[in-house]
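Paired with chain B in one complex and with chain C in the other, chain A is shared by the two complexes that follow.
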Partner chain A sequence: MSDSPLARLNNLDRRWIFLAMGLSIAIPILLKLRFPEYPGPMARATFNAVEAVPEGSTVLLSFDYDPASAAELQPMASALVHHCAARKLKIVFMALWPLGKKQADGTIDRVLKEFHPGYQYGTDYVQLGFQSGNEGVIKLMATNVPEQYKTDSSGTALTSLPLVAGVKDLSAFKLVASISAGYPGAKEWVQYGNGAMPEAFSIVGGSTGVQVSQLLPYYPKQMEGMLVAVKGAAEYEMLVEQKYPVAKPEVIGQGRVRMGPQLVAHLLMIALIVLGNLAMIAGRSRGGAR
Partner chain B sequence: MNGTTETPRPKQRLTLLWISLAALGASLLVLRAAVAAQADPTGEATRSLWTTVGVWTAALLTLGILSFLFRDNPFYKICESILIGVSAAYWMVNAFWTSLVPNLFAKLAPTLVRDTMLPSLPESPTPIADFVLACVPLLLGIMLLCRLVPSVGWISSWPIAMVIGVTAGLKLVSSIESDFMAQVGATVQPALAFDASGSFAFWATVGALVGIIGVLSVLTYFFFSVEHKGAVGKTARLGIWFLMITFGGAFGLTVMGRITLLAQRFEFLFRDWLGIGG
Partner chain C sequence: MLQRTVPIMILCLSGAVMVLAYFITSAVSWSETVNVWFNVLAAVAYVLGAGNLLTVNLEKISSQRPGWGYSAITLAAFFFMLTVGLFKIGAVPDPAHPTVHLAGDYETAASPYGWMYDWVFSPLTSTMFALLAFYVASAAFRAFRAKNIESILLLGTAFIILLAQTAAGMFLTGWIPEGSAFAFLRLDWMKIAITEYIQTAGMRAITIGIALGVAATSLRLILGIDKSYLPKGGGAA
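Right after this comes the complex of A and B.
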């Protein structure tokens, strides 16, 4: 007596599943499948938090991730920098992760210099770079930024950069945004930045899917906006691009591009879960197991 | 011995099929990459030998790691060893240049560091105080290394105690403020919600009720001083449901992250290496 096709699924070589998953991601990329995004409340809150900052104010963008998480976080970082520049906000870049500085440099080249060539270093934006010390960096910046950062990333004294020459502590910034892949990141910005001066500035965060569950409790009281992984990035990109379109949508559109494979892969996973359960039920009923 | 000819069993045939498929796929990929125009398709950019080498190295390492999905193999082992070796070396070099040099050596011997390692090191207005303060972590670091000598290993307990004490002190206040008091404040919400105009907000009320029921039932599950039976047991059971839904949501987000990482690697392989789908 042969097993039913469903029961035979129990013995399916798992490599067929790997192959199906690979194809479900590869085909949407090759076909450039895109699906409409509907911005959720968290992406809207992030967008509104940036919109609420008065024009000409200074914001602090902390790039707390490295290339390993760039697939999820770079789309939201690009959109955030474009959003801030489109609103004519002054931007101070920094990093709590060693390679975060490199990610910020790349974003400056691809977004700031490409779409906002009028932005001048020293007066419109400054790159402070990476400092070791994890949450200690935030804790010291809360009271004394020049003590933590005596120079920018290229060794120029902060006193000779007009944008940051007068900055004393974190209250100089109207908004702090942490694009974060883990420790140290957005959680530490809430604990040591917002905790030290809760009324001084708003905090928004973007995080990887893995880290989101740690940050959700902070939204919306302690963190005004939050971008949840590539889905949040895609929603935020949509809001930003609707109001501030760019000449090269592919730069501020990576998140939406990556949502195509997400949808197909998730459909495949749901189908596999359903099939797996049906196969288990079929196997049990045939074998008389409970 | 019965003298019959041995034929490949179904499992062996399947393995042969997979190996053939993998070899064919790999050959096609390499062939496609070899003829792909890795320069800008517009023709504006020029070819770069080192970029080409970098792209090929990254592509082959990516394929090597992915080959584990087929089965464990030497190609994967090589890629895994390279990853571990490079990561360890990177963190060691990174710690040296971002912690030891600017925070220790630059304080102990600023002139030497400026001449040899960090030309942009600014002059400190208080070099003597910097030197004295830097001696403290230097001493603690040496004490920590005593762990390598069994006869004086006990000395390393002191710097470890200091690290633990400082970390606890650093985190205590912020954790109580941000993770306890503020969270309690955010949880204590009115059960009935009204919007700005004063009218009843149905969905906000549902959200508030779910929050209240969820918090109370999950707390009940973790309350072990009372036996979980009767009303307490049912409430704890509801708490388990809330926990399971939370874990499911967290797992779903993790899956989303992993799919994104794979999509990004495929984008790299297709566009940067194979020159398709750009």
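Right after this comes the complex of A and C.
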């Protein structure tokens, strides 16, 4: 007696699953499917935290991720840089991950230079680059930034860059934002940055979906705002673009573009889980009948 | 002596200074010095990592174990990037110092190092990460089974989060008024309830437990009770 079609799914070649997943991602990308997003409380809190920083203040953006997580984190990084520049905030870039510096460089080229050509290096923004030491870098910056960073990433002394010449410690920044894919990242900024001087500055974080559970305990007190994965980026992009529209929305809109494939892929995952369970039940009842 | 007593002394002093700096302002400069040492040592770890990469892969190549070809490619790529990066081969000259080769920009896409990073390394690592989607889909089909109460709860949570993380959540339940008695049926509401209450409560407990463990272990290390980091069989203290 042959198995039922459902029970036969237990032996499904996994290449069919790979094909289905590939199509569920490729088709929405090719068709440019976009769905409406509704900003949630975390995205709103992040937006409000940036809005609350007085114009002309200095903010510190730490790029704590690498190209492996860029698909998930770059959209929120781009939106955050555009938001800060649109609010005329001075931006100091740095990285706790070796490859984070390159991500920051790319964001400066694609967002800052493209949409805010008036931003001048040294007076409006500075790239400090990467320093080794993980949380040790944050700990030292909390009390002595010039000891940790004697020069910017290109070797220019901080003393000759007006924006950072007078920076002594982290209290010089009104807001610290860490876009992070893991350790070291937003969690370490809360523990060692906010922990050293809780009232001095606000912290907002952007994180990958898998890392969010580690950061949730710090929101909303130690971390005022949090952007979670592509969904968080898409919601934040909407808020930023509504108030500060850009000429090329495809740059500050990648989060929403990526939500199309994510929706279809999530629905496929649910369908696969349901099918897998139905196959298990069918297989069991078949075994019971025998 | 050198293998045991000196490391113990360095650790005890460094640990004590870091703790004291929290309470005594004048000790802050000492803690900064310790931090600088730590950050320099962290940079040295990259050299150790490179050494380990060489050891593991050279051993694999020399013994011609299965997959030794991949090791050869790894080492070739490693040495190529190291050489073009370290010696700034093909770097774009700095306009301020056009005759000083080492002042050139080696990270721009116009240089071999930058080109390799932008067009080889970056797409490759992104691809590796993207492959997870396929394996997760396969695993979801084969392993995510409702076999008992715990797994059913896990499945239910997964469905809520998967739907609420996309526009499907609002499409399915967004029509329920936010202020109504049935607002708890909205998927976005359920996601917030799961993440901010259930998940956060569990994570806070874990975080506090880890923090207490770290504090206890640190104290044991600073006081010289825990010496597990020392080489085994070394000379007596």
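Just so we're on the same page, the second predicted complex is superposed on the first by the 288 of 290 C-alpha atoms of A that agree within 3 Å, B and C clash if a C-alpha of one lies under 4 Å from a C-alpha of the other, contacts with A are read in each partner's own complex, and residues count from 1 in each chain.
Going forward, contacts are C-beta pairs under 8 Å (C-beta built on N, C-alpha and C of every residue); 3 or more make two chains touch, one makes a residue touch a chain.
Note that this is a predicted model, so its numbers are computed, not measured.
Considered on the superposed chain A, chain B and chain C are sterically incompatible, since they clash. Once chain A of one complex is fitted onto chain A of the other, the partner contacts of A:Met269 extend to both chain B and chain C. Contact with chain C, but none with chain B, is seen for A:Leu140 once the two complexes are overlaid on the shared chain. In the superposition on chain A, contact of A:Gln148 is made with chain C only, not with chain B. In the superposition on chain A, A:Arg258 contacts chain B only, with no contact to chain C.
In the superposition on chain A, A:Glu37 makes contact with chain C only, while chain B stays out of contact range. In the overlay built on the shared chain, the residue A:Asn277 is in contact with chain C alone; chain B does not reach it. By the touch criterion stated above, A:Lys221 is placed in contact with chain B alone, chain C being left untouched. In the superposed model, A:Asp13 lies in contact with chain B only, and not with chain C. Under the contact criterion defined above, the residues of chain A that touch both chain B in one complex and chain C in the other are 18, 22, 25, 70-71, 98, 131-132, 136, 139, 209, 212-213, 217, 229, 231, 262, 265-266, 269. Every residue of chain B that touches chain A in the complex is listed here, in rising order: 14, 18, 69-70, 94-95, 98-99, 102-103, 119-120, 122, 170-171, 173-175, 177-179, 182-183, 185-186, 246, 249-250, 253-257, 259-267, 270, 276-277. Chain A makes touch with chain C in their complex at residues 12, 14, 17-18, 20-22, 25, 35-38, 40-41, 66-71, 98, 102, 105, 131-134, 136-137, 139-140, 143-144, 147-148, 209, 212-214, 216-217, 229, 231, 259, 262-263, 265-270, 272-273, 275-277, 280. Residues of chain C touching chain A in their complex: 28, 31-32, 35-36, 38-39, 42-43, 45-46, 107, 117, 121-123, 125-126, 128-130, 133-134, 136-138, 140-142, 144-146, 155, 158-159, 162-163, 165-168, 170-171, 174, 188, 192, 195-196, 199-200, 203-204, 207. Across the complex, chain B is touched by residues 13, 15, 18, 22, 25-26, 29-30, 32, 70-72, 98, 130-132, 135-136, 139, 150-151, 154-155, 157, 190-192, 194-195, 208-210, 212-213, 217-218, 221-222, 228-231, 257-258, 261-262, 265-266, 269 of chain A.
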